Structure formats: structure tokens, C-alpha cells
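Same chain, two partners: subunit A is paired with subunit B first, then with subunit C.
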Partner chain A sequence: MSEQPKGRSITRRTFMTRAGKAGLAVLGTAGLGLGLYDAKGPAGPDSAALTGQVSLPDFSLPELAGKMAIIKGKDRTKSLEAGFKALGGIEAFIKPGDRVLLKVNAVIASPPILSATTHPELVSALIRLCQKARAAQVIVTDNPIQDPATCFNLSGIAKACEEAGARLMLPRPSGFAPYSLAAGRLIKNWPIFYEPFKGINKVIGLAQAKDHHRSGASLTMKNWYGLLGGQRSIFHQDIHGIITELALMIKPTLVILDGVSSMIKNGPTGGSLSDLKATETLILSTDQVAADALGAELLEKTPAQVPFISMAARAGVGTADYHSLRPIQAAAG
Partner chain B sequence: MPIISVRRISQAFFLLLFLWFCYVSMLGEGWWQLRGWPVNWFLELDPLVALVVVLGTGTLYAGLAWALLTAGLTLILGRFFCGWVCPFGTIHHFVGWLGLRRKSAEQRVAANQYHPGQAVKYYVLLFFLAVAAGDLGGRLARGLAAGPNWAWGITLAAALLLAGLTLKEIAGASRKMLWAMLLAFLLWLGLGHLLAGGGAFTSSLLSGLLDPLPLLQRSVNLLFWPLGDPTGRGPSLPARLYLGDWLIAAIFAVAVGLNLLRPRFFCRFICPLGALFGLLSRFAVWRMGKDVEPCRQCRLCDTRCQGACAPSAEHRPSECLLCANCRQACPDEVISFDPASSAAGETTSPDLTRRGLLWSILGGTLAVPVLRVSGLAREQTWPVRPPGALAEPEFLARCTNCGQCMRICPTGVIQPAGLEAGLESLWTPVLNFKLSKGGCLVNCVACGHLCPTAALRPLSLSERQGKGDFSSTGPVRLGTAFLDRGRCLPWAMDRPCIVCQEMCPVSPKAIFTRTEYRTLRHGALTVAQAEKDDLVLRGAAFSPGELATGDYFVSRQGFQDRRAIIKNGKDRLSLAPGDGWPRPLGPDQPVEIQVRLLLPFVDPAACVGCGACEHACPLKLKSAIRVSGENQSRSRTSFLLKTAGKK
Partner chain C sequence: MGLGVFLVLAAVGVGVFLKQFSLNPAVVATRELRSAMGVLKPEAAPMPAPPGLAPLGQPESFTPENLFHKINGKAELYLASGFENLKAQRYHLPGDPASWLEVLVYRMKSPRAAFAVYSQQRRPEAKPIDIKGFSYIAQNALFLAAGPFYLEIVAAKISPEMEKAMTALARGFKAANPAGPEGIPELAWFPEKGLLPHSAALHMAGAFGFEQLGEIFTARYQDGQAEATVFLSRKPDPQAAASQAAAFEKFLVANGGKKMAAPSEPAGAALIDLLGLYELIFTQGPILAGVHEAGGTEAAQELASRLARKLKEKTP
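Right, the complex of A and B next:
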């Protein structure tokens, strides 16, 4: 009976401290909840899509507008040299210190002899001419459908770049950026292969003349397709529209169409020598539409078979009546 | 220099060499890319790969002859490969060392104590060998029936000699038992002869699942190097993806993690290659051992023993990895590498029970029929495999799942199979066109030239494409593309597309088109007002420009001719000038707005099954054109066309 049972007890001090801490914790939690509160939930997928948009400058030279040369011959190097000679020399296009981008067509892994890709000899000759004009840098690029390294290797373009001393730029995921064409319906907030354009002030398109079942022909304007990233095959639903928009997107310094050996059927991949025809023509033009109009003739296509040519002409890219440009005709080799 | 320093240099050298060979296995012209680097060398040095291929096929394919070097050196020296060369062993060695770093001497001695479970790896080995030897009896019987020749005789005699020696040594078989085995062998021959062609007792290759070199090769090829790809600094651009990599990662992680339980757990308990080396080391001329007995029994040697081969007691040469740690650790220098057996005695045979032996061999022999029954349902007998793949049964008897073909493939179209076709198919190469960068390139034969066991035959380009000497046999067909008209944009949804036709790399193209003008859903309308090249339509609601893409036309109802639309507003159309109607259209004239569709078709006689179409199809989740195994060259039962059998 000596010990009293002990009841629960607490000092006022302990209670106040504890209550104070609990109150602060409640306030803190409430504050955190209030600060992070989001009544609406995340916005739809389009809300953040327009960040990091890039733009492309005009690479054309006003004084050279509407210039065109048509060179007949089997030797691509000689034809290219003759073409530039006819248009006032490479120096008219490339100034010392220029940074030049060559957009080739390396769409699939195919050897040069099958003419499904830009011929390495043409690439090599153009790189050397640019260097002769003292270009500070020459970059060669494309975003092929098949494995890029294999496409560039098998087409011989990789070797041409290495030997001539140009930089070959392969597409990698970080190299793409969203772009919107102001007048466009299709190229809106669409990833394009932008990395090669950084620091560039001259752009030359090097296209191979090819049959193309869906659009009628793959020529200089279709060649820009390789700059598109993302799920680009959906644009085949409106092939003429996308080619027209691509021609509006890129204002090149020059386009070169290789019709020395044209793929006149089974395009655009070919695969057999019997798909080719020795049309022996190389076209240099500052007007993409004019170059393609003549290219379509090389492929024996009627204007109705290649609607993108008249669509691009109507959109103001150039003229489908290439004779009106009074092209300089010459023969080489 | 102490011997263990030499060993460490050797281990580091071979591990780095191994990683380097995995890295350089890519096509290209740089010196760091595949230009004669012997990237298969480690797989070829692996005598287990060679042995299972020999058991399954009766031939020692090309580079696999390197295995003779390893086997020969092991016969003389013991398991030097495990301790000095094996890159997987080196990884285990290092992680095991990490695990024991802070442990006391007693704990280390306990961790490195011989464990009876170390016999398990021999059962694993025997199981795999029995799996690989499924068809051996049938083949020997067929050879006998065809009239034996001297090569057959030598092979049989050598095989019997080796089998007898092995069984006598490892199982300590008595003379009576040997007679029983000979009887069993003859019975097996007879059964093989009777059941040959039935497909029940047939060879398969499962050892690749646990054989350390294919296991590591696969892990590095399909997991470690590709992990670097998304950074843009990895070896492959675009980044490689491999289906089911998580399982490869899990197995690698478990194999390495087990070192924390016991050092070199995988090597001691599981590794079938280590077991094979253990058997081969039976007659080794030199072995580790003690010079005098008793020594002081300080057991310092046991604290660092890699193989758990009991260097301080009765030594087990079949477990010894020749790491030489014991020799280095011994303060009295009583341990040496010498022809004489250890002064403390030797246990030369692994602890195998006859019952265990019987069960592992029986299990292996019965495993193949069980796997075939469960795995190879009809639609899985012709998976779409890389070009040069042998017919499915021969393929499964050779593929070690090393992943070399997947690593070298420039488009990444070769993917490791999952478990859908059974355990035998796990990690074997199948083609996945959606994941690839352009399908299987018709001008590429890289995979067959890299395959160490010729499960993928090395094709020449002319054989692959059916040109030159092979023009009469035609190209190698991997399968056939089939259109899914319900998913195809032009077929099902009135949208022009034909990306598949564009990408078809065959000349002439295997995909061709037929043109169809189809009236749009809301395209049957009447004219409200008409001028020469302009129309206003009653009640039309087109969005501006929608019909001006070059693919849309106006047709008068009941007439065949049509005019192209070049411009449109909500209800106004401008038509291409030039080809006017014979008579101007009057009001209320019924017209149809049509889209010109090129509808794709596949010509099965031209299709080689490369899958460029399936890859290119804009339907990203499930293409509207897909390749399946029908009509593939390697399987006559898959043939689709009456002309396919001419090959």
C-alpha cells in the first residue's frame, strides 16, 4: 500500500512544444499542398509542342536568280565544271569563307552503279570545287530511310567525303528540331534535320533523276524530303503538297540534277541496270521548278504525271517553263 | 614478377580484348570497325560450343577448330582458361574479391570451402551434351546403313574411346557397368535407326543459355554496348533496341550477384564449360599441390582459393582454376605447380552419383522431344530468320544464342526471340521489321559471315540475290509480304500512300499497284453553276485546298472521263485547263468527286521477304503489310507457289 498507482501526466511545457511543432507541421503541409495545387490537370499534348522552333534563312543569291545550265555528257566531273563555267564560275556561288551544305540523296543502301542515290563522283567533284573557291567548310548530309551509315557507305558518298575532305553528318536524335512553314499546311511544328544547317550560309541540293511511282518523279524538290524527321511517311497521302512545301521551305543557293544516268522505271529504288537510261544530262539551276521540269522530260513524264511541278510553280517557287530562263546549253567530255 | 600479377595482366588483357571484339563488330570502314578483327575468337576457343556442334551435326565448323587448342592445353595444364582467360570468369573473380574484402580469415576459409553442390555443373554439362547428342545415334546408325567408310570408323572409334574414358573416370565405372553401357549404346543406335526421320530424337543446342562465352557475348552485344547508344556516344546510330533485354540483364545480374554468396559461384556450381574443363583436366600433366604434408595448416591458401579446390587438404584438380593464389599466399612456400600429385592426396573424380548421372543424361535425351512437342506448333516452325538460316531443325542444332548476328546487323532487324516458340528458340535470331532501320538489306550478307557455328550459312551476295551462278535458283526468300487491306490507307481509307511500293528494293518491284478512282464519302454532288474550268457544287463543304493535292478529280456521273482539280474552296472547284468536257456542264448535272488511288498488290513470285515495306508502312504499331514465313527458301514445308520447289 506504500505506492500510489501513477496516472498519466504531462508538463505544460512539453505539451506546448509538441502542440507548436504539430501546428507548424500542419501549416507546412497545407502550404506545400496549396503551393503545388493544380485544379486543371495537365494540358493536352499540343501545348508544349511549339517550343524550340527553328527557322531557315534564305540561302539563294538574288543576283543569280533564274540561272540554268544544261550540260550534255557522260563525265559527271567535266559536266559539273562546264556547268559552273557557263554560270559564271563556282566563285559566283561560293565566296571564300563560306560554309556550304550539300544535301545529297542517300535514301537507301544501294551501290552507285544503280543510280538510286547521288553519285559519289558528283559529290567529290563538287566538294573539290567548293574548296577551290576557298569554302571554310563543306558538310554533306541526308536522313535516309535505311540505316544511315550503311547507306552512305554503300553509295560511296562516305568515301567521297573522306577523300575530298568534307564532313559527313549522320542524323542523330538530337539533330532534329521543330519547324513550321509559314505558308504551309503540312510542315507545321514538324521535326526537321536541323543540325547540318547550323552555321551554314550556302546550300546546294544534289539530286539524282529518278522515277517515283507515287509522285511521278524524284528530282531536286523531292530531294529535300530527306530533311524531314518524325513519322514522315504520312505525307505520302499528299505527296505533291509536301514536295511543294519542301521547295518553299528550302531556298537553296543552287540545285544540281544528275540525269547522266536516269532511273526511268521501278523507282525510286531501282535495283537493276535495266531500270536506267543514259540520258547524259547534268542540270545546274537556281530555279528548282525549272530543273524539275526538264528532269521530268528526261524521265519521259508528261506534266499531268508530275502535278507537283505546276503546284510549286503556282506557289511561286519558280517557273515550269524552263525555256523562258534561256538556259545555257553546252556539251562536256 | 609474382605469378599472380602475370595472371591478373592476362585476365585484364583477355577481358578488354573480349569487350573490344564486341565493340568492333559493326560494319564500316573505320579501323575500329569490322575489318578482319577476329571477333568470334572467344566463342571459337570455347570447346563446349565446338563439342555441342560436333555432337549435333557431326562436323567441326571452320573457326571452331580453335577449340582444339583450348582443349589440348587443358588436357596438359588443367583449367588455365577459367583462371587466366575466361572474361566472364574474370568478372566473377573481381566481384567475388569485392565481396570478401572485409571478411575475416575464418569467413573466407568458409566461403572457399569445397561444397558438394559443385557437382551440379557436371550434371548441367551432361544434360546439355545429351540434348545435343539427340540425333547422334540416328546419325551413326545411318552411317552404318550407308556403308561405313574410314572417316566414319575413325570417328566412331575415337568417340567410343573418349566416352569410355570419361565415363570410367568420372563415374568410376566397373567393368560390368562398362558392358552395360555398351549394351545401352547399341540399344540407342538401334532406336536411333528405327526412329530416324520421326523427329522425336533429334539434336538441339541449349548450352548457349549457360555457356559463359555465349552468355557474356550476348550480354555485352545486346545489353551493355547498346546502353550507351541513346547518349549519342554509343557505337550504334540510331540507337539499338533489343526485345526482352530485361531477361538477359536479369540473368547476368543474378550470375554476377551470386559471387556475393560465394566467390565464383557461377564457375563453381553452374558453369557447364568449367565442368567440361574439369573433365578434360583429369590427365593434366601438371597440377597444383603441396610439397610436404603435414604443413602448418595455417589455411592462408584457403582464404584466397578461387576454385574451392581444397588446396590445404586433399586437392581436387578438377575444381582448380590455376589462379595460383594458394602458391602466393603460402608463407612456407610448400605449394607448387608440379607433375606429382599433392602430398596431401588428390580427389581426381568429381563427386557424381550414378543416379544423378543417369537422370541428367536421360533428362537431356528426353528434353528435346518434350520441347519440340511444346514449342514448335505449326505456325512457329518457320519463323522469319536472317538470310542463310538453315532449315529449322538444323538451325536449332547449331545456334548458340551468342548475338553476334544481331550485333553486326546494320539495320538492327535481327532480334532475339522470346519464349513464344519455346526454350529452344530463346534468344535465337528472328527478324523484326518494325524495330529495324529499313528491313533486311537485300545487298547485305554480314550475319552469315559472322555466325560462329554456321547456324546462319555464309552466303555470297550472288547467292542471296540469285544472280550469276545462282540465277537458276533465284534469290534467298525470307518469307512473303502480305497486305492487310483492312489497315491499308488506300485500300481501306481512301488515302493515297504506297510507301511500301516505293521502298520495295527488288527489281522489278514485288509490290505493284492498280489504279482505282473512288468516289469520296461525300463526293456525289450536283452542279449549281458551271463555267469553262470552274464549278460550284450544291451543298458541298470541302475545306479549302483539300482537293488541290493532285490526287482528286471530277467525273460526270455515268461517264468515264474525268478532270483534275487544281484548286478548291468550300463548294468551288477549279479544274486543270486544257482537257475540257465535250459540252459545258449544265446546272443539276450529277458529278462525283473522286480520289485516284494506287492500290498496292504483292507479287509472291518476286517478293523476297526483306520487310522493307513492313518497316516503311506509316502504320507504326502494326503495319498494313507484314512479312510472315510463307515461301521461305530454307523450309520446303513453307512453300507457297508451285514453282518454289525448283531450288
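Right, the complex of A and C next:
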């Protein structure tokens, strides 16, 4: 690159030559950029949903804070009805016209007898109760990652939704949107399965009590893990941290923990009836931490084996001392 | 001036080049989901279906990168043990789609790795079946380790037909893969007295929460009301065994353990009080051995002495 000595003028010809070269360089660069431009973007045609952060409202009911029912029995439908009765009835939670989201656990394609997923009988019973309370719509969802249709079908949840008249919402790429948890360390600009929350004003988590190889236990707070998109398995490196943040992310109307048959070992997928124990307990709670504290007891876990419970309590999600809520205890069939 | 502009442009170019490798996770999400939805690529079935079973859906195949999609959080057990791939296929009884079962064939890096995942999930109350090697049936499921393979057959229903189908599938698989995992000599090194049936297990990595503790065999022992775990592992040479024993001892002390007076036997053993449970570590030639979480010092020493005698008898 030659430089013009300072103070020396250039000829018109030289100027025109240089300007022409510069113009060609600009045109060439623009042409190259146009050629490489991907109008669809790396996410494909559905990427519109990925623009902009979303937020999640608080679905909890302040007047029902700290409510908990512990129902003993083998029959999930009767236990669920008894649980709501103990807490003031389904009408205390669901009002006419409400649009209700049920977040189930359909993480793998597993039959109901293995208690690796939310039991379809419980899903069905809750849908019917919501309808009885004249909910305008009930949506059931999860993001199992692996072939969602198969997971919902083989777990029996799809059939339960169909028969009870709820809408089953499967994940699709356009249903995800980035979310950041205020003061979150892990959930920062991370995709969540947002579509089911659109227009919803009540959220109920329906979790199965089970052992978990990494986190010690999979209970109501871990159930929100299914809302994460992306390569969510990377969060297994800080599993207790992510469960705590998920519990901060979702402020549900209610959580229900199915400990009628608990998977006490070889979780979270199990595979054998030998992994199960008939703990015959159904927990309904507006405090996720309290529900999980009792769930951990059903799984015979020590507090040291499930650190996310004390971490969530310290983060202000709820109380690990579930006795302090004076839970209502009852027996059902 | 011209050079400065050129350097700025070059820096911008490098920045753009590097940035393209770190996509927004929301973008990765859609890619992941698409990939997961398309995971059912045509694959060969893991084994031929016996007469009387019809395929349900397509065969599936998983690698270490996407095993999580299939078995969720349990993937880590397999990955830590030397997982190579998984082939799965569901079958159902003809005319009865609700009577289905799934065959999962895990290929591990070695017969030992296959035994590791088999033994760590062993259901003690299950009943053995007459298939040579390591196998058992547990109401709705059948489990088998054969050569580098670990096989799980999980049925959605309990019925004599399903049990018959599971057994036929397992026999077919064993016939096609006759190499058994019988050559694991360490299993005979545990003393018999007090040994809980079917409790022997192999941990390929991270035993007792200590990352460096690999290829450790454990077995549970009952002494009255108390239980304890005995462990052993053959290392390349006595120095390696001694070095790992010292590292484990250091790890225990770093995690709140208090070193106690050395027991009279086995020679050179270290005894550590870890929050009221006792850890005893010793080496015998190239073998690292010991007792984990014994309820008392006497129980720990008694079990360790028994183990040392057995090792002397069984190992060269």
C-alpha cells in the first residue's frame, strides 16, 4: 500500500482510479454478503418465536399460600378428591372460565405400571375436576425431547386427555422462546417451552415421586425441568442449582405429588416393578418445597441426598419443614 | 492510517468468525428438538423378533451424545461406565397393542463395563433364570449381561405371555451373542460369610463419590443388624494400589474424616471415622481393598481381616 506524501496533491486520473477500485471493493463485499445471507436463519422458518424474551406471571393464589394436604390411599382418583376437599374444594383453586395448564411428567415412553411418568388415572381425574369447576380450557403438556407423541401415547396420558376432554399440547420448535430468570445464574436467555402458557391463568404441576440418579429425587420442583428446551442435559452438571432456579421460575397455583407408588431406586427411568414401593400417599400443596420435603421422605432420602430442597427453601421458594404448614391429613380408598 | 483500518476490519472479521460457533441457546433448542423428533432413523432391529411378536414402531439407536433423550437422568450411569451405543425396539403381542414390551440393547466398551451397569441396578429380590451368565427376571422385566452387551426387556403388562416372550427374546439374544461375562475373577474374592446375595457390583468410575476410584468391586455384608460394604480393586502394581489408597484416605479426611489409630490387621491399614461411620483401607500387593461405612471399628476390622485372608487365598 503506497502512501501519498503529505502536502502533495493527486491527479484527477489517480483519484478516479482509486475511487473506482474502492467502489468495486464495496460492491464485491456487498455481493459476497448477499450471497452468504441466510434469509431463514439457523433456526429455520420458525425462528420468529425465538426473538425477544418472554416472562411468566405468578400463577399462585396468595389466599391459599402454605396449604397442604396429605392423603393416604391406593386409589388416585379418590385421593385427589379427598385432597381437594381438605383444601376447600377444587373451586378454591379453579374458577369458572379459568384456563388451566397441567404440567405432567411424560419424560419417557414408559407404561403406567412403572411409575416413571405421571399416572394417566391422576391426569384424567384432575381434568374432570377442573371441568367440574367450569374451567374454560384444560391443557396438558410436557417436553419429553424423545419422540413426544410416543411418550404421551405409551404413558397413557394421551388417552387420558382424549377421554377426559383436555387438549394435549406437544412441543414444536416454534413453541419455544428465550427466558431469563431475574437474578438467575443458570437460566439466562434460555429457551423454555412457552407456548402452553399463552392465555393460561392457572398452572398445576402433576409430578411422580421417584428416585433420580443425578439429583437424588425427582419430585414437584424437578418436574419443571421438562419446560426447558435446548441442550438441557448440560444442567445436570449443576442439577440442584437448576432445580432451585426452576422452582423460582414457576410460581404454580398448586402442585400434586403422586407417591401412591414411588420409584425408590434405579430412577428416574426404573424399568422394574421391584424399583417401586407402595407408599400410598398423594400430596397436594401450594408450597413446592414442602411437597418435596415429604416426597423425599417417601423415597427414604436423607436431606443430604436431596440438597435442592434446602437450597430452594433458602431461596425463598417455600419451607422444607412441611410440618410447620400443619398439613391436613386424611385417608381415601 | 490505512494499516489501522485494515487491522480493525481484520479484528471484526475474526470476531464474526468466532461468534458463529456460539449460537443463542434458543436457536440450539429448535435444532435439538428437530433432531430429537427425527431420531427414529431406520435402524436394524437389535434382535430378530421371535414368532408371536410384532414390531411396534421403528427401531431406535442412540449414541453417547443423545442417550439422555432415551433414558433421561440415568444416562450418566451408563456414560460413566463406558457406554458405546443403545439399540431399542418395541414389540407387541399380535392383536393386543396394549401388551407391549421394549428391548434395549446397550453396547458397552467391555464385558466388565456391561457387568458394571448390570450389577449396579441388580434387583436383589428378583429371581434368576436359566440363561448362563448374569441374568434375572423381575415380574415385568428381564435383565441380562452377555459379553459387552447389557440387555433390558421391559414389559408394559404382567402376564404369562409376556414372560414367555421376554424369555424367548433373551434366549435368542444369548444364542446370537454367546460370549458371556463369566471371566470376572474378582467376584470370587469376596468372603462368603455375611455376604448379601446378589449384592456384588462393579463401579467403573467415581466409587464412593471419589472421582479417582475406578474399577472398584463392592459387596454388601450383614453383621447382625448392621450392614457394611466391602470393596476391592486390582491395580497394575503394588505402587499404584498404595498410591490410590493414600489418595482415597486423603479424600476422606478432606471431607470431614478423622484418622484413627492404625488397626493391628490387616498390615498397614488406615482407619477413618467419617461422621460416625468407619472406613478401613488397606492394600495387599496390587490389590486395593477395604470396608466402607461400617457401623463400628470392630465390625470394620473383622470384615477387613476376613477379606484379607480371602484375598491371600484367592490371588497370586
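In this text, the second predicted complex is superposed on the first by the 281 of 333 C-alpha atoms of A that agree within 3 Å, B and C clash if a C-alpha of one lies under 4 Å from a C-alpha of the other, contacts with A are read in each partner's own complex, and residues count from 1 in each chain.
Note that a residue touches a chain if its C-beta (ideal position, glycine included) is under 8 Å from a C-beta of that chain, and two chains touch if they have at least 3 such contacts.
What you see is a predicted model, and the numbers here were worked out from it, not measured in a lab.
**Q** Which of the two partners, first being subunit B and second being subunit C, lies in contact with A:P178: first, second, both, or neither?
**A** In the superposed model, A:P178 contacts subunit C only, not subunit B.
**Q** Which partner chains sit in contact with A:F308 here, subunit B, subunit C, both or neither? Use first/second/both/neither.
**A** In the superposition, A:F308 contacts subunit B only.
**Q** When the two structures are overlaid on chain A, which partner does A:I113 contact: first (subunit B), second (subunit C), both, or neither?
**A** second
**Q** Using the touch definition from the top, say if A:L34 reaches subunit B (first), subunit C (second), both or neither.
**A** A:L34: touches no partner chain.
**Q** Could you look at A:W190 and tell me whether it touches subunit B, subunit C, both or neither (first, second, both, neither)?
**A** In the superposed model, A:W190 contacts subunit C only, not subunit B.
**Q** Applying the touch criterion given at the start, work out whether A:G271 contacts subunit B, subunit C, both or neither, answering first, second, both or neither.
**A** It touches subunit B and subunit C both.
**Q** So, does A:I10 touch the first partner subunit B, the second partner subunit C, both, or neither?
**A** The answer is neither, since A:I10 touches no partner chain.
**Q** So, does A:A158 touch the first partner subunit B, the second partner subunit C, both, or neither?
**A** In the superposition, A:A158 contacts subunit B only.
**Q** For A:H240, using the defined touch cut-off, is the partner it touches subunit B, subunit C, both, or neither? Pick first, second, both or neither.
**A** Only subunit B is touched by A:H240; subunit C is not.
**Q** Name the residues of subunit A shared by its contacts with subunit B and its contacts with subunit C.
**A** After superposing on chain A, subunit A residues 108-111, 145-148, 150, 154, 171-174, 212-214, 231, 233, 236, 266, 268-269, 271-272, 274-275 contact both subunit B and subunit C.
**Q** Residues of subunit C touching subunit A in their complex?
**A** 2-3, 23-34, 36-37, 39-40, 57, 68-77, 100, 102, 121, 123, 125-126, 138-141, 143, 152, 154-158
**Q** Taking the touch rule as given, give the residues of subunit B at its contact with subunit A in the complex, in rising order.
**A** 27-29, 230, 232, 237-239, 410-412, 437-439, 441-444, 489, 495-499, 501-509, 513, 545, 548-551, 564, 566, 576, 598, 612, 616-618, 620
**Q** Help me check something: in the complex, which residues belonging to subunit A touch subunit B?
**A** It is residues 108-111, 144-150, 153-154, 158-159, 170-174, 185, 212-214, 231, 233-234, 236-241, 266, 268-272, 274-275, 304, 307-308, 310-311, 314 of subunit A that touch subunit B.
**Q** Would you tell me which residues of subunit A are touching subunit C in their complex?
**A** 1, 3, 41-44, 46-47, 50, 107-111, 113-114, 145-148, 150, 154, 171-174, 176-178, 189-191, 212-215, 218, 229-231, 233, 236, 266-269, 271-275
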